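In what follows, chain A forms one complex with chain B and a second complex with chain C.
And now, the complex of A and B:
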């Protein structure tokens, strides 16, 4: 394989020209309702994607053959970098990650726009124009301030190599998943804008993009969890989430997108919340781009940021323009976005959804406030300060528990109105379950009110979800009918949207149980010479031997620790503290013994000449449930995503409200 | 307007109880954010070493201080370490029993951010983070 680096920049320029052509063609096609122009615009969009693809291939080939004449390759890879991580270097730096963004954006656009028929020419046209406009911005960044194909005058013999922290399997998939999530929201955002521009204000834009929204949300969810898993296994401080600005940057769009996923149900079922839905997807997308900006601009310092400031002054006007422009369009169309129905009763499914939305959006705004407060404070009063985890935890524990509670009650409440008597009847069993868990835990010696509340609410909600499954599957449970597992499976598969959603909820509840476990973490630091022991909780750790080895890449120091409990040997753990040559930097490799009850987490923070190790050990109860919950969520997402065939743009409108399509076109 | 024709006869006003309910929930959430901002440890001042030295002891609230490591000042004794940082004007001694970050080095290039309390003489840190500046440079030799 040879370096195709020479193809990179010409392809990006070609992509830029094609994106501009797509913008013009789509715009004209939409303005004049010309199907031929819209179709030409789609071809230009596909062409853009192809050329961005060629640019990506050329950068990957340069990384693969160590073409250090490219500045990017010299900065983010080295000869000793193991093969699979060569690809990781594509998103290891700012320019490469923006190129990857552009690839996802143009590919998703091409796939999403394919279907046009006469009825939806304008919707597709406007969506294509919005997407081409966004692509144009990212391509301009790649051609000007963030060029990944900058040549070096002095070609180095070796590159600086990839940050060793990024050399982990989690880092191969975490950034692409986050980006897939961020970029995936481009599609619903573009179609929402297109609905406003074109006047197709029924729910055809929602139906056309429902799968994209779910797909982007799923990718973002799993990406966030994997980021936590990466932090937990690589960073060595014993936790998985630190409210770091970059973590927050991925969490904010997730919160608003979660609100959006729920509130679209109201629009579909009751044709309410139309303005709200447009605003939510707009907010989600602005936050997703803001997230990319935060990570890439170096405006906030964090372990993730690449301190390269030149793109910052491009992002802010783009973000500001996007926010103001789209809010302006919403305002202009406000009258046509009026709800077709109204609230009937406080005790109704609609109210529950509304409360869900208020809580999620409040949560997102809280994270935003905590993230940008240091910038605001410095700009307004010149005081430099930082916002720490205690702030976020103080808000998220009550808001999170309220959301857990609502997850349990919401699905039990009927649409429009419900008598409090029938609600009481339905929640009786879950309430009883939640209360008994709280009492049992209190008797067992749990004293933290927050934890008692968390476990009891999680039990309440899990029981409520369980009772929904039982109610749903009882129809298949007559004499001579299905067994319980078969009946449950049939229930799940017969109404995938509903029961798939419940499975996702169940996963979230398991994650909350895992998060609550962190209230009971303990930590211990000790200097151990070979042969010495220390204890944490009821574990005894004995430092048996030190093994030293060397590879091309690093010098390895590995301690063998024997773990025993009650005099019985239960595990051998091998934490490492290695020295990476390319970066001239030591790095710890954590050892974790994980069980559903608790994790024993051991990290060595330094070795002395004589082999004495500074051992830091943590006991993290229930952390296992976070990963288990994420797996359950993944199953639920699979069920949801398989729930329907791709919807043809415009087709649902024909079924539901033909007179309106006729009117709006 | 066509949409209004469809829904004519039903002006869609949200009833007052929803507005009140929404307002109460919203205000409660805003109040909670303010309450959370005021809690100990939620916000920490972020100072340079010279600002810290002139502001005096800070026993109550933890603060963050940043500066570059003074080369040759790092002393490690078991789990404890002591080193000096400076912003170019005033140097301050930092003591900590926490592990130093992987990218920490005994050279003036290493910029650190420490969280802790200052007693007027030394800064007792409960967390030390290091920023790694230009060390990911390609080798040109």
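And now, the complex of A and C:
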């Protein structure tokens, strides 16, 4: 393999020119309703994607052949970097990750624009123009302040190498998933803008992009969970979520996107919330770009690094322009976005959805506030005050529990209106189940109010979801009909949007159960010499031996800890504290013994000359359920994504939801 | 039925009230609480508890040593604020940071409820359509035309 680095910059310049061409062609095509111009615009978009692809290939090739004449390669890779992790260097630094952003954006744009129906030329034209505009911005960044192909005058013999924390399988998958999520929202955003520009404000833009929205949301969800899993297994502080700004940056668009996924249903069923939906998708997209800006501009560590770096100066006007511009278009079209229907009753599915939206958006704004607060404080008072986990937890625990509760009640309430009597009848069983769990756990000795509430609400909601499945599948039951599993499967597959959604909810409930376990976590820090023991919970950890070894990349120090419980040996754990030569920095490799009941988590934070180890041990109850819940969510997402019919943009809108509706749906 | 429901809810309430978090004075727990409430001087935006750097580890051990002398978590935090300034707190003392989100939630919920009651009241008061606006009229025309063409 040879370094194709020389191709990088010319390809980016070509992509920039083509993106500009796409912008002009799409814009003219839309303004003059010229299908041929729109077609040409689509071809220009495809061309942009191809040239960005070539630029990515050239950077990856330079990384693989250690072409340290490129500044980026010298900064984020080294000769000793294991082969599979070379690809992670592509998104290990700012320039590379922006290039990756551009690749996803242009590829998604090309695919989305090609796939939609020709009947919506005007929507496609405007959407293409918006997408080309965004691509133009990122390509301009890559050509000017964030050029990944900057050459070094003095070529170093070896590179600085990739941060060892990033050398983990999680980091190969996590960032691409997050970026897929972030960038995936470009498509619904662009089509929403197209609907506003063109004045075609029915729900064809929603239908055209439903699959993209779900896809982006799914990728972002799994990306966030994988980020947690990476933090848990790599960072060695015993947890998976620290509310740090980088995590928050991915969580904010997730919250608004989740609100959007729900409120879209109201527009489809009841033709309400049109303005709200447009605002939600633009908020989601602005937050996604803002997240990229936050993590990539250096503003987080200090305002001063931000003003020193030049990318931030580009991002801020872009973000501001995008936000104000799109809000301006919404305002201009406000009259056309009026709801066709109104609320009939406070006790209705619509109002449950509205409450869901209020909670999600308030949650997103809270995270936003907590994340930018240090920047605001530093700018106004000169002191960098931080809001940390205590702030976020105190806001999120009540909001989260309210959302869990709504997840249970919402699907049980009928559209338009419902009598309180029929609601009581329907929630009786789930309520009883939830209450019984609270009482049983309290008797068993659980003494945390928050956790008791969480567990009983989770039981309530899980029972409510279960009862929906039972009710749905009872149709297929009866003499000579299907068995329970077959009936449940048929129910799931017959109405994938509804029951797939329930499966996702079930996954969320399992995750909440896992999160609630953290109320019972415990920790010990201890200095142990070889042969000494310490106890945590029911476990006794005995430090038996220390093994030392050396590879090209690092010096390995591995402790062997024998774990026993009740005098019986149950496991051997081998945490490491290694020294990475290239980065001249130590790095812990944690050891985790995981079970559905609890995780025993051991990390060594340092070794003394005589082999004395500084041990940090944690017991994390129920953490396993977070990963299990994510797996269940993934299944639900699969069902949801498989439910979508091919895009039918411009086709006459489907029949309205029947005005007289049954108890559910 | 109502009586039974009251007893039921009262039981739940009692269970939740009895279930207050238990306090333990173990030095390890004190040290943990302190580390969770201060921002690491070594990792921006991350608490000392969650910070993976070696300096943070040393600081955590110093805090454990203080806790083992019998100091409470508040006393240790006060000491640390004195040494390193207020920036070290993970909970800002400025009430603005605390109140804004709560205000947002209450405001959002208030607006939502207001809109819902207003809309549903208007609906009840005027059960017949309030006359068609242009958008609706055009849509009806288009629908009728489409039906005729079938």
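The criterion applied here is as follows: the second predicted complex is superposed on the first by the 635 of 665 C-alpha atoms of A that agree within 3 Å, B and C clash if a C-alpha of one lies under 4 Å from a C-alpha of the other, contacts with A are read in each partner's own complex, and residues count from 1 in each chain.
Here is the rule we use: a residue touches a chain if its C-beta (ideal position, glycine included) is under 8 Å from a C-beta of that chain, and two chains touch if they have at least 3 such contacts.
Please read these numbers as outputs of a predicted model, since none were measured by experiment.
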| item | value |
| --- | --- |
| Overlay on chain A: chain C relative to chain B, clash or fit | clash |
| First, second, both or neither for A:144, with chain B first and chain C second | neither |
| Contacts of A:486 with chain B and chain C, given as first, second, both or neither | neither |
| Touched partner set for A:523, first chain B, second chain C, both or neither | second |
| First (chain B), second (chain C), both or neither touched by A:606 | both |
| Touched partner set for A:158, first chain B, second chain C, both or neither | first |
| Touched partner set for A:583, first chain B, second chain C, both or neither | first |
| Touching partner for A:631 - first (chain B), second (chain C), both, neither | neither |
| Touching partner for A:395 - first (chain B), second (chain C), both, neither | both |
| Contacts of A:332 with chain B and chain C, given as first, second, both or neither | neither |
| Chain A positions touched by chain B in one structure and by chain C in the second | 301, 335-336, 338, 340, 342-343, 346, 351, 354-355, 358, 362, 366, 369, 373-374, 383-391, 395, 399, 525, 586, 588, 605-606, 614, 616 |
| Complex interface listing, chain C residues touching chain A | 8, 11-12, 15-22, 28-29, 31-32, 36-37, 39, 43-47, 49-52, 54, 57, 60-61, 64, 85-87, 89-92, 94, 97-98, 100-102, 104-105, 108-109, 112-113, 115-117, 119-120, 122-123, 133, 135-136, 146 |
| Chain B residues touching chain A - in the complex, by the definition given at the top | 1-4, 6-7, 10, 12-15, 17-18, 21-22, 25-26, 29, 32-33, 35-37, 39-47, 64, 76, 78-79, 97, 99-100, 102-103, 113, 129, 131-132, 135-141 |
| Interfacial residue positions of chain A with respect to chain B in the complex | 68, 74-75, 152, 154, 156-161, 163, 201, 301, 303, 307, 335-336, 338-343, 346, 351, 354-355, 358, 362, 366, 369, 373-374, 383-392, 394-395, 398-399, 525-527, 583-588, 605-606, 614, 616, 660, 663-664 |
| Residues on chain A engaged by chain C in the complex (per definition of touch) | 235-237, 239, 242, 244-245, 300-302, 335-336, 338, 340, 342-346, 351, 354-355, 358-359, 361-362, 365-366, 369-370, 373-374, 377, 383-391, 395, 399, 435, 438-439, 442, 446-449, 452-453, 522-525, 586, 588, 605-606, 614, 616, 652 |
